[in-house]
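Structure first, commentary second.
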Amino acid sequence: MPELLKIGSWAEDLPDGETPPGVEISSDFREFTEAESVERIVHLAQEVLADPTFPTVRAWRAAGGKAVGCFPVYTPQELIHSFAMLPVSIQGGGENLEISRADAALGSFLCSISKSTLEMALTGLLDPFDAFVFPYICDVSRNLDGIFARVLPQRPSHMLHLPQNFTSPATIPFLVAEYRSLIAKLERVAGRPFSQEDLRASLEVFNEQRALVDRLVVLKRDSPWKVSLVEYYLLLRLGGLLPREVHVPLLRRALAELEGRERKNKDSIRVIVLGPFCEQPTLELLQLVEDVGCYVVGDELQMLHRWCPRIEPGSDPLESLATSYVRTPIDIGVRSTPTTKAAAILARVDASKAQGALFLTAKFCEPALEDVVLYRRALEGRGIPYLHMEFEEKSTTYEQARLQLETFAESILFE
Amino acid sequence: MAEGASAPAVPGGVSRSFLRDARGLQRKLVEEYYGELASTDPPRRPVAYMLVGGNLTEILRSFGYDVVFPEIVALNCAIKHQSLENILHAESLGYGLDVCGYVKNDLGLQDLGGKTSFGQIPRPDLLVCSFSGCYVYVKWWEALAESYGAPLFMFDVPYMREETPRKEDIAYLVSQLWELVHLLEKRTGRAFDMDELKRVLAESRRAEDGWVEFLRAGRLRPSPIEAYFESIFYMFPINVLRGTPGAADFYDVVNEEVRARVRDGNYPLPEEKVRVLVEGVPPYTNYRTFWDFFRKWGAVSVVATYPKVGGLFDRGFRHDPSRPFESIAEYSLGAYVNQSWPLRRKIIADYVKEYEVDAVIIHGIKSCRSFTAGQGDLRDWLIHDQGVPTLYIESDHQDPRYFAPAQIKNRMDAFFESLEQRRAVSAAAGAAPG
Amino acid sequence: MITGGLDLGAGAIKGALLEDGQRILATASAPSRGIPVQVARQVLDALGEAANIAPDDIDYLCTTGFGRYTIPERNLQVSDFTSSARGAIFLFPKTRLVVDVGTQASRTMSVSDTGKVLKFKMNEKCAAGAGRFVERCSKYLQVPLEEMGPKALASERPKLISSVCAVLAETEIINNVAEGVPLPDILMGVFLSLAQRAHSLMRYVGIQPEVTLVGGLVRNVGMVKALHDTVGMDLNVAPEAYYAAAIGSAILGHSRLRKLAAAPQGAGG
Amino acid sequence: MSGVVAGVDIGSTTAKCVVLGEGPRILGKSLSVVGVDIVKDAERALEAALADSHLSRSDVSFITGTGYGRYKVYFGQLVVTEISCHARGAHFLFPGTRLVVDIGGQDTKAIRIDEKGEVVDFAMNDKCAAGTGRFLDVCANALGYDVGEIGPLSLQARRAVKVTSTCTVFAESEVTSYVSRGKDPKDILAGLHASIANRTLSLMQRVGVEPEITFTGGVSQNEGMVHALRRRLGAPVNVSPLSQYLGALGAALHGRERLSGGAA
């Protein structure tokens, strides 16, 4: 596994106030299309993540394109794509962003991702975007939309109500109407009308991406020693930052290398990681999990790219898109669970053959926090060990995390 | 500025003598309500748990259900200083420090057996989640469903981003209401009785008229009511007893009392110096202490947003027996927290004008993101765009550990002190121009 | 075979020497100030002196605690939970739940009959669940640390602290003093508040019939009483329990050494 | 009746007293640590300031209390919050001041004032004591320094270490962990100061950053902090050796206004 690169101390080195030097990425994404090895791709991905000025979006704009920022967990990015705009997953500002103004606007007891996203809006870092979508995954994401309306009035932002009643016959028509409201805004931003044909084509592009993502997920589950958690995560994460047309071939090349990798299966325990569906743990934390001897064989990272296996465009692609959201049961903290939490967690543990569950929840992320209790009760019933830890975007010390992770691994490994 | 004191200047125990019969009646209603719920005399009516925001009390009542609002149970526990024990218990079950205090208080209480000083809270036969304005509702009801094994009906209410809902929103809601009706028919073996629902709705409407009359009394100068603290007492009937004759009668008593206050000059404070709008959920565990911080400065809350979590009746909405399902759908869209920030800002701006507000106090809740996330931006908007002096303070609605009296008092003192100073200065400037 | 265990805590470095993983030869400690390696050497010297052996006579050194990676001459390092659990089982073989209140953190863990950690939990951020808080109280209440416990025992109506934050709690205490609350009641209030936090950690892990206290708190009779009263059951307390983590790591070192001796080809540490 | 007034500021950490003669003349002042008996501390603070000004109690015609312990200044005739007092004090020393930043033992405040020294808006650290003097005290202690030393040391840093924990309780462990990783204490200190400057800026932005800024409170005696704040703001900041006394001075000024029947 390539050594985890230490990037991004620009905030330390430069006098405050100066804008950081952007990572040079040629406007046609040549570096990504030419990147041959996983090692190189991982390196590029780390550079992109360490740079809060959205280099991939700037590159896209340089070529004259428009971009729409999407808050996690689920947005129908296919719709945005169908307008030939770049849908980009905004997942916080990373550990280098100083939060100074967002704290005041939002309040103290909120997850880092909401604060850093607002901070970026207030400091101009989101200027490369033409519009924003905030899905109703939680009250914070929802409220951010209304704050954006005030602080960035020139850039439309849209709050998308994702339905929670999955059995009503009226749900799909409602979601179609929701999507139509979004479409109306996108039409204005893109300066062109919505077209079913374009959406159909976009669905196919996303289907291709999903198929590859599935392969990666299966690889991580079945042969976790072949792909490290950091590699796995970065490959997925790029999916929301690069044009899909660049990501798809890149992922294909990476998979070819990873699937053929000869590596030793280490004496690690198999764990499933739950909770980081929205705010993302730092790379250091992800690496730490595997360093102390845990193979992650199931997770909730970057769910957008693996929400459903594939969407058949059908005669009404918009309805197909809505149907796929409503009809794909996903057990995740920001969607009401159709079965019970106990059944859901045990099924997931069984599917991944995990020996333990690791709850990595973002500090102050209520949707994640509340599930932990129901999950742990179910796990205890089956005698499956678990550990719950909270994380924040900004952490420089991992002593407490290491201590707990080590104990967790030791408690499963040693007699 | 407060006078210095030769004796300890602790302003405890300010009298609240303007409160008369209504307060006693409210106590009685609460006691009766929980008393009935707790009674084990057969035949027991089925019990549904519901949330205040966007609640469907009328429909459940028309099927003969008793309704329990865990939020209100929780706030009663907090007022009676019984929340911490429940919260600590919930934390030992694994609910983190940052989970909504209502949820922890309720789930802790349930796990401890549901016994409160005001009665035994019965187990639910049905859980109706009106997902209107707070995502935590979804999580909370999932947890209840899991621990009771009771069926859960998810009533998904679209968030309001425009002042008028789309027709698809109403269609979605009405369809869900019919699904609920069918579920209730199945569970009770009773046929849905539209006339009964209409009768209940008419009672609701009467209570709503009375409640609005009370709230609007805050427009008088001086205000005969304490719109924030007093509402804590009087919200119970409008949220819990709506649809019963008792609720409407209650507001008749309240309004009679308010009229008498005006007649007798029996105001919340001898002198109303500052007219305040309060935004946010109250610190129930310490609301009396909090109230005293207002009284000390002659500040009267003439309008508040919190009493609107159960519906924006004062903005014109009424349940309508002639359009039963549509009006219920509109009601559930209209919970205060279900309004987007731009709509909330507009409501607040209107209140400031209509109620001649001098200052706004925002009370942020540490463990509630639905209400709180963005209140800092609201403060900024009020001060800079609206020119209204605004103070932001933070504690918790349920968890007494987050109420730091000295700090809150310090901020309130400084805020009112500076208001008073600026007034004195501008009064002096007005008296002697040039 | 002599194995050493070093517990490099945030407040103090504690050490233990064991013979054949069964007999305690010596224990020693020193406050963590300055460079951990140097303090650790002092502790090792003190241990050697007390047991009357030369540093080279230590066959295997196992570290634990906050600074477990800082000692270059270690043969193995284990987490605090793992070592405290072993130490507790050594001192009280029927232990099923271990409570450790140290300088920075309060921890609790349930253990199997062999001393394996089953479930564990440490205090969250924002919770004043740790010994440093007691130390600071000692400073501004002007009561020496050693006297706080005995003084607290005289309390009749303990004054609990409501704030979860250590810093805000200090203000609260100062207020209480100003309002004339008797010192023993304030002290006991502090201990009871900490005990309640520890208790909720214990409940999270699951209360077990036999509970053993380890770490700095065992030296404080007030804290022990507060925990006893809060939990409402008998708790194992022993002076050696202050060194439980060090003892536990020496034991773990010993079993590792035995394994290595049995399979010489896999040597290394 | 003499025109001598006194202001007593009982903070969370220190008690300050200023005795003010007629006109802008400070006759005497005192600074002491607050202990557990606040009532006595207040009296002692007054006595010490009187001694410093060679006056006796009867020479003072009006006493104002401020700070956290203002209600314990039983011998005073008026209580005012320290927010109004710092505003008044800063305005007195630097009349152009429009924004006052007060970092004390337990609170950080940003106070926007008008040209008369009246408070227009203020914000205080909400969550906790993070980013206050206490935070620096604890960190200094963890590194084995006295608070007086850490400012100058931080100025000698070569490369600031990034400190993320703003929680006073946990910053200590972060600092200790940096030490054990062999980081230079000067660099750690620079990081600590930068992190507080950042927090403070966030507070200042709540009320609006105004052109003339005066830094008050005990922490303004810390050159490292002054430097970090200036750097973060990219603008000058007024400081004076009297900065820690501005609350007490402001209290005295409020008393004087009251005495002369002015706007108060």
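Residue numbering begins at 1 within each chain, and the chains themselves are lettered A, B, C and D in the order written.
Rule of thumb we're sticking to: a contact is a pair of C-beta atoms (placed from the backbone, for glycine too) under 8 Å apart; a residue touches a chain by one contact, two chains touch by 3 or more.
Because the structure is predicted, anything quoted here is derived from the model rather than measured.
Centroid distances built from C-alpha atoms place B farthest away from chain C. Each chain gets a centre from the mean of its Cα atoms; for chain B and chain D, those two points are 39 Å apart. One finds 44 Å separating the Cα centroids of chain A and chain D. Chain A and chain B have centres, each the mean of its CA atoms, that are 36 Å apart. Shown for chain C are the residues in touch with two or more other chains, namely 66, 124-126, 168, 171. Counting partner chains per residue, chain A has residues 103-104, 108-109, 363, 390, 399 touching two or more of them. Of all residues in chain B, those touching 2 or more other chains are 93-94, 96, 364, 376, 380, 394, 406-407, listed in ascending order. Chain contacts in this assembly form a complete graph, since each chain touches every other chain. Taken together, the chain D residues at the contact with chain C in this complex read 12, 34-39, 68-69, 72, 106, 128-129, 134, 144, 167-170, 172-173, 176-177, 179-180. Residues 10, 32-36, 66-67, 70, 104, 125-126, 128, 130, 132-133, 140-142, 165-168, 171, 174, 177-178 of chain C touch chain D in their complex.
Residues of chain A touching chain B in their complex: 103-110, 114, 136-140, 142-147, 149-151, 159, 161, 163-171, 173-174, 177-178, 181, 333-334, 336-337, 340-342, 361, 363-364, 366-367, 369-374, 376, 388, 390.
Residue ranges of chain C in contact with chain B, taken from their complex: 124, 126-127, 162-164, 168, 171, 175, 196, 199-200, 203-204.
Chain D makes touch with chain A in their complex at residues 123, 126-127, 159-165, 173-174, 177, 198-199, 201-203, 205-206, 231-232, 234.
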